[in-house]
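Right, one structure below, let's go through it.
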Amino acid sequence: MSEYKFINFTVDNGVGHLELNRPEKKNAINDSLCLEIEDAFINLPDDVSVIVFSGSGPEFCSGLDLSEHKAREPFEVVKHSNMWHRVFGHITNSGIPVVAAMHGAVIGGGLELAITAHVRVTDETTFYRLPEGKHGIFVGGGASVNVAKVIGTSRMTEMMLTGRNVDAEEGYRIGLGHYVVEKGQALQKAFEIAQGIAKNSKYSNWAMTTGLRNIESMAADQGLYTESLLCGITQTSEEVKARIDAFLNRKKS
Amino acid sequence: MSEYKFINFTVDNGVGHLELNRPEKKNAINDSLCLEIEDAFINLPDDVSVIVFSGSGPEFCSGLDLSEHKAREPFEVVKHSNMWHRVFGHITNSGIPVVAAMHGAVIGGGLELAITAHVRVTDETTFYRLPEGKHGIFVGGGASVNVAKVIGTSRMTEMMLTGRNVDAEEGYRIGLGHYVVEKGQALQKAFEIAQGIAKNSKYSNWAMTTGLRNIESMAADQGLYTESLLCGITQTSEEVKARIDAFLNRKKS
Amino acid sequence: MSEYKFINFTVDNGVGHLELNRPEKKNAINDSLCLEIEDAFINLPDDVSVIVFSGSGPEFCSGLDLSEHKAREPFEVVKHSNMWHRVFGHITNSGIPVVAAMHGAVIGGGLELAITAHVRVTDETTFYRLPEGKHGIFVGGGASVNVAKVIGTSRMTEMMLTGRNVDAEEGYRIGLGHYVVEKGQALQKAFEIAQGIAKNSKYSNWAMTTGLRNIESMAADQGLYTESLLCGITQTSEEVKARIDAFLNRKKS
Amino acid sequence: MSEYKFINFTVDNGVGHLELNRPEKKNAINDSLCLEIEDAFINLPDDVSVIVFSGSGPEFCSGLDLSEHKAREPFEVVKHSNMWHRVFGHITNSGIPVVAAMHGAVIGGGLELAITAHVRVTDETTFYRLPEGKHGIFVGGGASVNVAKVIGTSRMTEMMLTGRNVDAEEGYRIGLGHYVVEKGQALQKAFEIAQGIAKNSKYSNWAMTTGLRNIESMAADQGLYTESLLCGITQTSEEVKARIDAFLNRKKS
Amino acid sequence: MSEYKFINFTVDNGVGHLELNRPEKKNAINDSLCLEIEDAFINLPDDVSVIVFSGSGPEFCSGLDLSEHKAREPFEVVKHSNMWHRVFGHITNSGIPVVAAMHGAVIGGGLELAITAHVRVTDETTFYRLPEGKHGIFVGGGASVNVAKVIGTSRMTEMMLTGRNVDAEEGYRIGLGHYVVEKGQALQKAFEIAQGIAKNSKYSNWAMTTGLRNIESMAADQGLYTESLLCGITQTSEEVKARIDAFLNRKKS
Amino acid sequence: MSEYKFINFTVDNGVGHLELNRPEKKNAINDSLCLEIEDAFINLPDDVSVIVFSGSGPEFCSGLDLSEHKAREPFEVVKHSNMWHRVFGHITNSGIPVVAAMHGAVIGGGLELAITAHVRVTDETTFYRLPEGKHGIFVGGGASVNVAKVIGTSRMTEMMLTGRNVDAEEGYRIGLGHYVVEKGQALQKAFEIAQGIAKNSKYSNWAMTTGLRNIESMAADQGLYTESLLCGITQTSEEVKARIDAFLNRKKS
């Protein structure tokens, strides 16, 4: 495993832990941090079956590091956004479930990062904001797709136009967080959930994390067709028979 | 009307009632039960204007009957899933509104069946679960399309990865159920709603149940175009003028 | 600025105010009212950066003026619906954010009108209804696309089939309203929000209101591509550097 | 096998032959003929691996039988078109390849029928026409989807607006026919092709006929995902190893 | 009818004729010419049932008038492209068929204009080119959608990357032109075709020009659904019965 | 630049040349060859503005190396196909135009590889085949998306079902090749075209190769919106003014 400067990545018993580790900057995202995340995902050890994602220090992530902002030609801005999309895509599409543990600020690019996780645990200090309009820019790390799909384009538009704070409770209600726990408990809850997910078939986990996302972008009938293929792919493994037999036996006894 | 083994289908005053009737197995779905549902929908009497769907016994439906599970070639699994899609499609797309009354377990294939209904009434004992990951399989009765469209792909992914229970209240909040009533009252509430729906124009009911679903799979501009055609189709009937005159008269008096 | 019969349109300090002004008819929508709205949007003064939309009198809008309903050939009905789509499209797609202030009845076409606004403030007297099924018709002002995208096709189908009232609180929960305030306070709240939005970069406001809506109709990967282009377009303006510098200075001090 | 009035359906050595058999009416399509086609496809014998489709008499098919045309309410017209779509869908989507042999007139509904075949052989007497505009109607058997996908929407629009004849050669060039043979030779050529197709793996034939059509309606990235699943489904069969070994042996020798 | 500076618009016996009239500039497109086209389409006389579109002088249209090019902010460029899309959209989507007569140069924006016509007649001097790459820009009048849908994205990419000439014959083969006639005969041929189209039902013409284009952007199943609605809209008119009876009588006699 | 075993990659004056170099196996594709292509594209030198792609020896590429075929679990087959998609995606989506020079056999995976190029030159010995059906498998390197988009799903289905040869001339007619030159001349022609493309603005080349492909997967209105953004991105560069001025000056003189 590489040595990283802005993140930590450790594996314990098949559960990976990727921690943003730039607390003095509220885990603000610069290019190096991005590329370290990509490196971790490209080189996942084979035995990793689930990953927990969190941020060290008082905030989960305050977003793009604006202090490193520089004027760029439009084309350079586009390429920069393409790079974020590529990196964040690794998190969503690796076929390995990712559970995020959030607390404090989840702002701008921080929300774009968090939303790539498949399960999102927050503590009650968590709050969200998309302040891009105030800076005169637009989101560039996938929020217009990924956040909008979670909270709906209408709520997303309102949230971006006003740049207002959304607290943990509202975030739960509209789907930004799937769980709200007491202050300081998000990481522990995330590990509990991750350990449960690790007990699923890895084929099922792969089908859930890649299949549902692809089906979301299809018309209904094409989605059903693809679902039937995913059924065929997953149900053939030896493992399935054993799992179902065990289940039926548990039910009997 | 045919005699069925696993379902009951009766019609009273234009309101059909399709009841899963395999209570000793918690209404678990096997192929015969599926094909009986299809038979009922293909042979709907002309005077049926709305259908209530429910399950007999202590649970609505515990899903696929795993005790009949057999190892199949991938291709056979695909064909089996295609069959479920065909049958469940009859429920959603017949042009006749369907109101489901749920209680107790609505698990796996049971949720895939329930979600095909256009209005879903639950009582407070209702709970939902998508346990496929624990068995090593994937959903195959349309959940990846139909449940995901209701609760969003993100919540769906979380629910499948964790395999956790969702209770009636949370189910109401995220849209799995449209109504929550007291224990044992779901069927009566469903009939009340069905009788209200039966008073709509049958053309409107057809346009609502088929049009909205098709428009959902279109880009926005194509959806608007199709909406305008549905307007043209429904507004021409003689019935409309009479209905609007009656409405205006009621308002005046 | 033209003189209008059914609406008022005024501008104060860059904030436009479009008021439905047919209170004796509960602001029911006829063709003239529609075309006046279109005229106002086509001729927006250059200095307008945000618009507040409201209704005079006791109700926001009771929908299509049924008393002007006439039997039409199917083709004429289609053309009429096309006209509504064209007019309402101006509201959503002008690139200028629109904040609606609602109270009382928001029924049928009234909801189709309200949903075109990017931010929707309601007071606690607000209620919604889609009664088309009772009249034997279908929605024709974009609800099957625009309302369905906000509340989901499943809830939309239930709401149309039953024709029931949705109150302000439920409307907030399912997304029809973004804010609920005390009776009579919606217009003031809408102006406060509008003034905040006016402080955003106009490029950001344009990108949020047009970009998110277009991205919603794309598959995920195409959405990301388009997001990157929007980044490139907005981030080049001189204004951005000034805004970010000001922000960083505020943070330091 | 049922006795049919308007079609013949025979099977010889795994190759089905469905022949339109209403020569005195140029094989014009009425409801009974449609429903007989559906019946044949629903009840395909298990050993049928490919089907040849042709028309008896001097013309392949002159389209909708206008002499049975009756004035219908708009809604009834819609339902009638839905029925054609359902029937023609059986031909395209059964998973069994269909080879059409055409000659003479392929007009209106006749072209809608022909285009459902996966391989289309014509003789040099074949000609096509979409005359609906002259009758004041629109296509209703799928041409606006299925013919337009083959020749492009632009050419389709020109062909419908002018209602002109397209001869066998032009039809070949724009894709309506895949082969042009000498007068009277289409049926024999179709059988030769069908016999070749029958030698493919039935899994491959199923994947080609159902997969390509579904992928056509997806965005590119979703299409690739689905392709990878189809790979997984087909490549697992025992048959594949045997086929590849045989191929490698043939190459060596 | 307004007096225009850069176009002529005349109507004779229900056939409109819109002629680009800036021959000294090879009919190069500037903003005024664009807005005159829009004005003509917004104010079409009611009796116009088909329109012929042509260019005066030695060339059809040499595209964007580069001599009026000015450096613009990215946002201004976007708005300018939006304006072209709006104007050219009137030509394609008015519901009235448009027949273009082309000769000589059809370059860049000139091809974007020509492709909006539903039927395209060329003479043998016609040639096409998309030279944007050489100028360092991209198409902005709809070519990336409208030309690509006609010739395919692959051919479009090749044509743009090389910036090469496509002559009348190749243009016919790949679909840019639907007819090639002798030098100087395109306008007369276009009028002949237009007069034929004028004899169709106006409902059919409307359905063909608006329906096929919308269906092209839908998945297959949604396209079929929309086709069935278009059937219902068009087949109800009184005119249809008369047209079909006349047709059957002609056949008998 | 790395040393490769199965490919050569050289750069001369900004033009890259990637040559398949496994002539003794007819350039059959195994995993190592795939990963070498990926490595070359990930590490493109900054000065490469266009790439020529060819195959050494008597054939362009005979496809997947079947002699390395092994029985795999369905899931492993899916992952293998995903890998091909990832690698071939680099060729299509790098933003750098790729010109393929083909000759002899372009079979199965060889066609999947060739089709990723933006411009495709063939000599008259070139022929194409998709023989997967005979082996009992399905395409897995993107043909069901990328080849189908070029030749249409209908022709693709016919070509796969029959597994027949398509020669250079037919390949040109249906779009598999954009140019056919004399035997042995394809590589030289490809270099000529590449040198022309290298003279375009790199921004335009990027927009053409990435933009058109993304727009292809959008509905028409979203495509137009994205086109307008691409206009805004490309037209801002300093280079554009200089290019247009030079062009206008050339025209004057």
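A, B, C, D, E and F are the chain letters, set down in written order, and residue numbers restart from 1 in every chain.
Simple rule for what comes next: a contact is a pair of C-beta atoms (placed from the backbone, for glycine too) under 8 Å apart; a residue touches a chain by one contact, two chains touch by 3 or more.
Heads up on the chains, UniProt names are A, B, C, D, E, F = Enoyl-CoA hydratase/carnithine racemase.
Since we're looking at a predicted model, the values are computed, not measured.
Asker: What is the set of chains touching both subunit E and subunit F?
Answerer: Chains in contact with subunit E as well as subunit F: A, B, C, D.
Asker: Considering D-E alongside B-D, which chain pair is linked by more C-beta pairs in contact?
Answerer: More C-beta contacts join the chains of D-E.
Asker: Tell me, please, which of C-D, A-E or A-B gives a repeat of the E-F interface, judged by over half of the contact pairs matching in residue number.
Answerer: A-B
Asker: In angstrom, rounded to a whole number, how far apart do the mean CA points of subunit C and subunit F lie?
Answerer: Computed from C-alpha means, the inter-chain centre distance equals 46 Å.
Asker: With centres defined as the mean C-alpha position, give me the subunit A-subunit F separation in Å.
Answerer: Comparing mean C-alpha positions, subunit F is 33 Å from subunit A.
Asker: Provide the list of subunit C residues touching at least two other chains, using ranges where the numbers run on.
Answerer: Subunit C, residues with two or more chain partners: 73-75, 78, 149, 173, 203, 213, 216-222, 226, 229-230, 232-234, 236-237.
Asker: Chain touch graph shape: choose line, ring, star, complete or other and state it.
Answerer: complete
Asker: Touching subunit B in the complex: which residues of subunit A?
Answerer: Touch residues, subunit A against subunit B: 97, 115, 118-120, 149-150, 173, 175, 178, 193, 196-197, 199-201, 203-205, 207-209, 211-213, 215-216, 219-221, 223-224, 226-237, 239-241, 243-244, 247-248.
Asker: Show me the residue ranges of subunit A that touch subunit E in the complex, using the header's touch definition.
Answerer: 74, 218-222
Asker: If we count contacts the way the header does, which residues on subunit A are in touch with subunit C in the complex?
Answerer: Against subunit C, subunit A makes touches at 66-67, 69, 71-75, 77-78, 80-82, 85, 132-140, 142-146, 148-149, 152-158, 160-163, 173, 213, 216-218.
Asker: Give the list of subunit D residues in touch with subunit A in this complex.
Answerer: 210, 214, 217-219, 221-222, 225-226, 229-230, 232-233, 236
Asker: Going by the contact rule set out above, which residues of subunit E touch subunit C in the complex?
Answerer: Residues 73-75, 78, 203, 206, 232-234, 236-237 of subunit E touch subunit C in their complex.
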